[in-house]
Structure formats: structure tokens, C-alpha cells
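Paired with chain B in one complex and with chain C in the other, chain A is shared by the two complexes that follow.
Here is the complex of A and B:
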């Protein structure tokens, strides 16, 4: 049966895979191939070599920045999810108008211009910025602090806040799917509120948590605009280094090799997320 | 089961704190569009709309907006058509085809935008296509295709085969079946996917930054503007975008809730 088989079956397959190859597969393969080339002045030498990967793994600066960036992004992912979870639980418990307003407030930043959000944040950071003045006014600090002034801490703060809505939504979706009857059953069987949360709600929201953690990690890892805008001269991240290889440094093969490393980390994180996202004792999916 | 008051208060406080962190900086910037400001402090109450009127005279900015709308419209159209064809293909063949196509389609979406953007950049250079709005549009298709595909596949799978088989049994041609049975049934998901794709394309920054030639799209223009420092013009843009965004998501959630009721 079918609608497509107006075309002969092999023709349809051929068309599908040809389009996907040109649009997606071949570009990714060119990227991989580029990481094995080298550069001589401004020309790219297309002889396979391991020189880029050798440099990536032996250059102390690269490895330091790489390790620091992975740690930073793991931190961002965990903290963002820890903040997002209670917010999702709160929204899930609401009804009617309040729920509608909060959902709107939480989703609107998702589609608000990314550049503008970082811009807004940058305008309150800075030695004499509003954040510092507020902290001074509340008496939390005595002298203007440089803690959040254009460094990796600023990148951490900005990304946690900007990525939080991306973490709230998947958690909320998984919480919405849990039937109320389950926690009622737990209560009937005389489980306390905490026990019910720990043994019913938390395990059943695992897919949402796994999506939230992996998604925020990937977004943080691949971002070079935020570190560029609030990271200052010393807030170098792996993404920024890769980006610079395609700009000023002009070493595309080396940049591609670093990109392959980043992609490898992300594949590992995705595999972990898929494993951890399974509901324990659930039917596989 | 109701929560204890303490827990409820803690949850509410976390939510309030987060919303403050999200909207605090934004409101300060929005205020800067109307009021004279320095270092986040209002310099006297003298509201004006000069920042907004200046924007309408900025030809470069208007042009970038037009370019972005055009790129978004074309990329969305291509993605939805392509995703529909792919979805028909995979729901029909199933098995290995479905898994391979899904893997390929989701790859650019799951990878960080930088990896996807650089892949396309290298590919375009290899085949000798100069950076332009064409390469930007192709880049946008590569990432938003996943969104369109997911929405349409889910709907097609729900639709099932019996309706299609019935239509074919009753002598409808394949084209008639597509136009009169499948299309009306998936039109909702086509529209929803298109809206989502367009929204993603409109704000796409990282890939566009890598693939664009001399023409700037709106986010790239903003990125250039914001690098110059905090200006009333940029603040005015944020104010407009915030209003549009809040209205857009309020509408989207309203539609979703109305449907589920």
C-alpha cells in the first residue's frame, strides 16, 4: 500500500538519502575529514595527518581549557536542573490562571532573542553595575566585588539563568504525565509525602531530568557567544577557542579537530542521558 | 495529595527568585529604552520615545529584519515540505529506514550549533559555494528540519494506516489520498511545526554567524550592535522583542490549554 510508492521503491529511497547526504551527512564528514588535514600559511594541505589531535592532547593550554570548560558545563547543567526541578514541581501543582501566567513567564524567555538576553545581563554586571550596587546596598558585601565581573563566574551565572527555562519544560512535561492516582495510592498505602516523592514522583520524572541535564550541558558546551560577551579577556572556553581557529587564528584543521573532541564529549553525554533517563523498572522506553 | 505549607512556600520562593533573575536584567534594560540611564541607574525621570523613533530611521536594521523574515519563511517552507516527505517515507517503510533517517535528521539538531555550523562552513568551502544568504538558509533548514520532522512523524503515526488503506481500496489515487485524506489530517501539525521552525530560524545566531556573507540577519545585526556597548537603540529593540515574545508565548500556551481541555 501506500502513497509514496507512486515512485518505484528504490527511487524514493534514493531521493531521500541523496537529499539527506547533501544537507547533513556529507557536511559532517567534511568536518571530520578536515580534522585530519593541516594548514600551511593560508592553504589547507589535504594529506591525512594526526598532527592536530597530537597538538590538542599535548598542548597544556588546550587541555586545561578543555577540562575547565567540561567542568564549567557540568556545573551549569547540574545547578540549572537543581533550580529548574522545584520550579517545575511548583508550576505542575498550580491550576488555572496562575499556572497560565507562570507558564507564559517561563516559556517567553525561550524565544526571546538570545543575543538580547545576554546583552541585558551584561548591562547589570560590571564593577559599577547594578548587581554590584545591589549587593552593596543589601550589605552582603562591603566593597564592589569582582566575582561576577567579566570572567567564567559571569559565564556560569548568565548561562544558569538563561538555560533554566530549557530545563524546566522537559521536567514539567514528565511531571504532567504522572497520574495523580499514583501518589494517591502511595498515600493510601500510608507513605509519607517525602516517601511518595522519593519513590514515585522522582523516579517517574527521570526522563525529564535526563533531558534537562543533557540539553543544558550541550547548549552550554557549544556556546561561544555568551563567553565572548560576558567572559572578558580571561574567560576563555573551549567553544571560544574553536571559534577563533576559524577566524583570526585561521587554522581550520586544528579547529575542526577540537570540534571533533567536543562532539565526542557530547555523544558520551547523550548516551549517558539515554541510559539514566530510563524509568527504573519501566518498560524500556 | 496536598503539599505541606513549608514545602509550597520554598517552591514558590525558588520560582520567584528565578523569575527575578531572568526578568530583573531585562526590565532594567527595557527601562533604559525610555529613561536616561547610566550603569543601570535611572538618571532622573524624563521618559521619551527618541530611542524608538531613531530605530525606524535605521535602514540597516530594517533591512536585516526583512532579510531575517525572508530567510525564515523560505527555510520554514523547505523544512516542512521536506519533513513531510521524509515522514511519509519513514512511517511507510518503518524499521531500519525509520531509524537511519531519524538519526541523520536529528544529528544537526543534537550537536551543538557550532559543530553543525562549522560542518556546513567546511562543506560549502569544499564545494566552492561562497557564504551568502543561500548558505544561511541551507544552514537553517539543516537544524529546523528535525523539529518539523518530529512533529509530523508523531501525527502520521497517530493517524495510522487504516484511513489511508480505506481510501486506496475505494479507488482513490495516491495523489488523491494524499491531498484529501492525509493532508487534512496532518494540517494541524504542519502549522504547529511551521510556527516552531520559523521561531527557531528567526533567532538563530550561532550557525548564522558562521555561514553569513556580507548580509546580516537580525540577530547578527544585534550581536554587532551590542558589542558596541549599552545603547538606547539596543534597549528599545529589547523592549519591542520582549513585548512580542510575551504575547506570542501567551497565545501559544492558551491554544495548547484550550486543546487539552
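Here is the complex of A and C:
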């Protein structure tokens, strides 16, 4: 059924493209342009130059932090997805009320302010925080541990927890799309539970896994608030560097160049994820 | 017809299934004989699919026993039962090729690759899909998917193939072809088929035996011809092919012949001596429309016939057959329908108002109301 007729349709789609261009493409292009400028004191020099990219690739600190951040975020994406998958399978297996209660519990944190959640984590993770006190009380450790206090480990842990809903939901969606009759068919053809999972459920949930990995990776890469708040001086990430170029160093062109680098990595990861998420035979679309 | 003596393959003994207060299957007894093509026929909600799912092991019975070769298999999980299913929506694995789908059951069992390939080839040839073996289900037509589903089910050489309304989604022509094809395959591989359908024509075409179901109960089991000629009750008489049912009460029963008092007067008809019909019972005289002949009033009626004076109220031309709606003069509230070969009905006969509908007593059959 079509609501729009005549010229209204092309006009509407044109409007949609226009909005998308103005909100996404134009800022991105201006960012790209900015990366080829330079600064002189506090003024931006609009003469094309490669100086920013040169600095980004030659500065040992930049590349070290960049590599470390990519590794950290790949780790976060994989671990979050690994944790999210069984949760999604579990929720998908539930019926009726329990299913919605759990679904609500999973999505509830998304309603809370991001900053509030991080503050909550600070009180959990600190040297005298809930986690340390619990570990001390159970006798697992004798003195407060600094393993999760203001470092990259803390960033890793917090991001995994905060991003979990973004991994659970797409996986759950792809699991829901698998007809129940396929598992029945597999069982009917002598497959046990594990074989059915390995040969039917897992391959058919690939689009969900790919979405979960790319979502969490992109969000972890782009995040600079969490590393700032729980990373401390050791938890320096690429996002924080970019932020500092804009907010502290006032070197927008250099910040833009670093941003372009990050965007390039994200595009590569997205393309990889899309390829891995494809099901042979064109199912799931 | 020579009835082959067959062994019992699967037995259902007083099997019932309830969901909460809703009883979808009520203490059903059913035997599936080895090598037969058994069709379970019933409207939706009659419990026919429930029977298939119980036998397949997809659901557990609320009460009763399911036996294979006389041994109870209630607790045997789906993947250990030697049955394979053709699902209503085919349930083909969308991410596997035709060959992948067909080979699935064999590779799950850890069969050597060479043997898997050989057996898959054989079955793919049987369903004439070998040339499409690298296609994915999304690239196939409905009929082709249907054949993949069948191939996947029979490649494991199950004791029993369960088919859950597999032709429901196909158009009429393809349906006919597939009915024929399924029957052929069944003969070829000599395997027992349990086929579920709501289409009585399909059931008659394919079945060795038909089990008619309604409201979670088995109404009658028998060869298509038996069900057609000797329905066990009013439901089967009505559901299974067109029929005329004339209500009345029984006056006498003598050796397979009953006399009933009906609005059309006293009618004689055959009946099942073991059905326990006794004088006073309410019952129906049933006569198939094609057994009724229309005669001009002067014409002599053959011997041992029932003749009723009628008026034709409506004529429907249906190709070779003429469908006539008749109103008996003695009882205008009763409507009879008759089917005659169009060629047999001379225009002169139809023009005459004073007509008689006539049928042999041996073509009429009594069922309990």
C-alpha cells in the first residue's frame, strides 16, 4: 500500500536524502577538509597540507595509542559479543512473561544517562569500592587490588558492561528470525542439541553476531568519556587524544586528521563485519 | 482387491493430548501398518497434526502409549526415532545448498563422505533435482523445495515418513503432479508414509487407508472405497464426498438391511450389521448423488429400487455432469441432489414436470444420527 502518490514520492525520498546529507555527509566532508588544514597560534590556516597526517603517522605516541586502542576495542567487541550471545540465546528460549521481564532488564540501562552509569562504576571499581570490598570480604584477596582502578582494565570492564545491550539486542533479533521448525527439522534428522546449534542456529545468527561486533567496536572506539572517567592517566585512548586536540590543544586540523584515521579503521571493520555476517543462500534478509 | 497382510509398525494406544483445559486429542487408538500409505484427513483443529507431532516426538502425549514394533517409545527423543518429517513449510535449511540439505541427516550420523555422496545422488535422482544440487532453497520454486524436503526426509531410509500437509502451499496443477509423484516415490522406496491433509480428494487419490478425524477423535479408518460406500457415521458420510442424508427413525433391521420411517415414506437401505442399530434409533439414509437416476413418471423403475416423485428446482451444468437439485413432492423441506451425465439427460425428460428420482436399495446406506 502506498500513501504517497504522484510527485510526492520522489519529493519525499529527495527530502530524506537531503536530511541525511546535511546531517551526515556534509559534517563528514567538512571534517575531511579540516584534516588538510593547519593552525598558526589560534587561527586555522586554510592551505592544504599533509602535515597533520605526517605527524600522526610519525609521532610514536600517536601510533602506540592508536594500536593499543584498536586492540582494546577489538577485545571489548569480542568479549561483549561472547557474553551477549548466551544471554540472547537464553532470552530467546524463554516464553511469555519471563521473556519480556528479561528483555526489559537488558534494555533498562539504556534509559539511564551514560555519565550516571559511569559514576556508578567509579564507586564500584575504586580502591575502596564495592568490588574491592566484596573481594576482601570473601577472602579472595587480602589487600585492595588495583587491577580495575583507573587503568585500561577498568575501561575494558566498564565498556563491556555498558555496551552489552547493544550486542544482546541484534543477536536476539537474528535468533528470533530463525523459524522454530528449522531446529525441529535438525532434530528430526538425528541432530542433537549441540549439533543443531552448531549447524543451524549459529550460522543463521551470523548477521546478528556481525552487527553486535561492529556496534560494540564502533561505540568503544568513539567513546572518550569512559576512558576519561575510569581510565586515569594510564588509560589513555585514541578517543581521548582526539578530544584533547579539540578541547584542550585547540588543534582542530590535527584532531580532524586523527578522526579521519579512526573513521577509516571503522569503515574497514564495518566492511569486514558485513562480509562475515552474510549467510550463504541469501537467508536472513 | 487383495488386502496384503501387513505388520504393525506404529501403534497409538489410548493416546491423548491436552493443553491446559483444551483437549486436542482424545484417547486415540491407531495402528500404522508397515508399508502402507496412511492419510489422516480432517478439518483444521481436528487433531490430525497433533498425531503427526506425537509420533515424530515433537510433543509428548498427555496420556497413552506410542509404540514402535510393539515397544513403547514415549520417552525416545526426536533425534533417536527412525522417522523423518516433511514439514508443512518444508523447513529447509536456508544456508545450505540442496545437496547440503539432503546430506544433513547422513552427515549428522557421521557417515563416510563417499557414502553420503552416493546416497544423496541416488535420492536426488529419484526426485530429479541432481542438476540443481548447488542451488540454495531461496533459488528454488515451491515444487522444487517440496521435492528437496522429501529427498531430505527419505535419504536416511526412515521406517516411517511423516508428511504434514506438504502440498497445502502449492497451486492445483502442481498439487496433482506432486500427489502422483509422492505416491510413486512411496512405491519405489517401499516405505510407510503418514500423510496429513484436510483435502478429501487428495486423501482418496493417495491413500491405502484413510483415517478421518474430527474434534480430536478418529471418526473412521478404512480404505477410501469403504469410507465412501460404507461410512460409519453421519460425519464421515457428509465430510467424505457429496451425499444426500435423509433423516428418519429405524423401524426394523434384518440381516444388513434396515427400514426407516422418513419424510419420504418408508425407505429401505443397507446397513452395517455390527453397528448395533436397533428399531427406534434416529438415523440417516444416505444416497450418493451419482446413484440417483431421474426418470419420467411413465418409465418403469428397475427392481429393488426406491422411487420418489420430485420436482427439479435448480440445474447446474458442470461439464460432463449435470448437477440437479430436487424437491420431493411428499416432503418439500427435504432437498436432494443428483448428478447425472449431461448426455444421459434428454431435454425431453427435464421438460416433464412429473419426474421420479430413483435409486437402488443396495446403493443406499444407513448411518446413525
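Assume the second predicted complex is superposed on the first by the 256 of 285 C-alpha atoms of A that agree within 3 Å, B and C clash if a C-alpha of one lies under 4 Å from a C-alpha of the other, contacts with A are read in each partner's own complex, and residues count from 1 in each chain.
Methods note: a residue touches a chain if its C-beta (ideal position, glycine included) is under 8 Å from a C-beta of that chain, and two chains touch if they have at least 3 such contacts.
Just so we're clear, the structure is a prediction, and the values are computed from it rather than from any experiment.
Trainee: Please work out whether A:45 is in contact with chain B alone, chain C alone, both, or neither, and reply first, second, both or neither.
Mentor: In the superposition, A:45 contacts neither chain B nor chain C.
Trainee: One more residue to check, A:203. First (chain B), second (chain C), both or neither?
Mentor: second
Trainee: One more residue to check, A:219. First (chain B), second (chain C), both or neither?
Mentor: First partner only, chain B.
Trainee: Regarding the shared-chain residue A:184, is it in contact with chain B (first), chain C (second), both, or neither?
Mentor: both
Trainee: Compare chain B and chain C by how many residues of chain A each one touches, and report the one with more.
Mentor: Higher number of touched chain A residues: B.
Trainee: A:195 in the overlay: touching chain B, chain C, both, or neither? Say first, second, both or neither.
Mentor: Once the two structures are laid over each other on A, A:195 reaches chain C alone.
Trainee: Touch test for A:279: chain B only (first), chain C only (second), both, or neither?
Mentor: Second partner only, chain C.
Trainee: Identify the overlap between the chain B-contacting and the chain C-contacting residues of chain A.
Mentor: After superposing on chain A, chain A residues 184, 186-187 contact both chain B and chain C.
Trainee: Taking the touch rule as given, give the residues of chain B at its contact with chain A in the complex, in rising order.
Mentor: Chain B reaches chain A through residues 1, 3-4, 7-8, 10-12, 14-15, 18-19, 21-26, 28-29, 32, 39-41, 82, 85-86, 88-89, 92-93, 97, 101, 104-105, 107-108, 110-116, 118-123, 126, 138, 141-142, 145, 161, 164-165, 168, 174-175, 177-178, 182, 199, 203, 205-206, 209-210, 219, 222-223, 226-227, 230, 234, 237-238, 241-242, 245-246, 248-250, 252-254, 257.
Trainee: Which positions of chain A touch chain C when the two form their complex?
Mentor: 179, 181-182, 184-192, 195, 199-200, 203-204, 279-284
Trainee: Which chain C residues qualify as touching chain A in the complex?
Mentor: Residues 56, 58, 77-80, 83-85, 87, 89, 91-97, 104-105, 108-109, 136-139, 152-153, 156 of chain C touch chain A in their complex.
Trainee: Tell me, which parts of chain A touch chain B in their complex?
Mentor: Contact set of chain A toward chain B: 1-6, 12-13, 16, 19-20, 23-28, 30-31, 34, 83, 86-87, 89-91, 93, 100, 102-124, 126, 128-130, 133, 161-162, 164-165, 183-184, 186-187, 193, 196, 218-219, 221-225, 229, 239, 242-243, 246, 252, 255-256, 259, 262-263, 266, 270.
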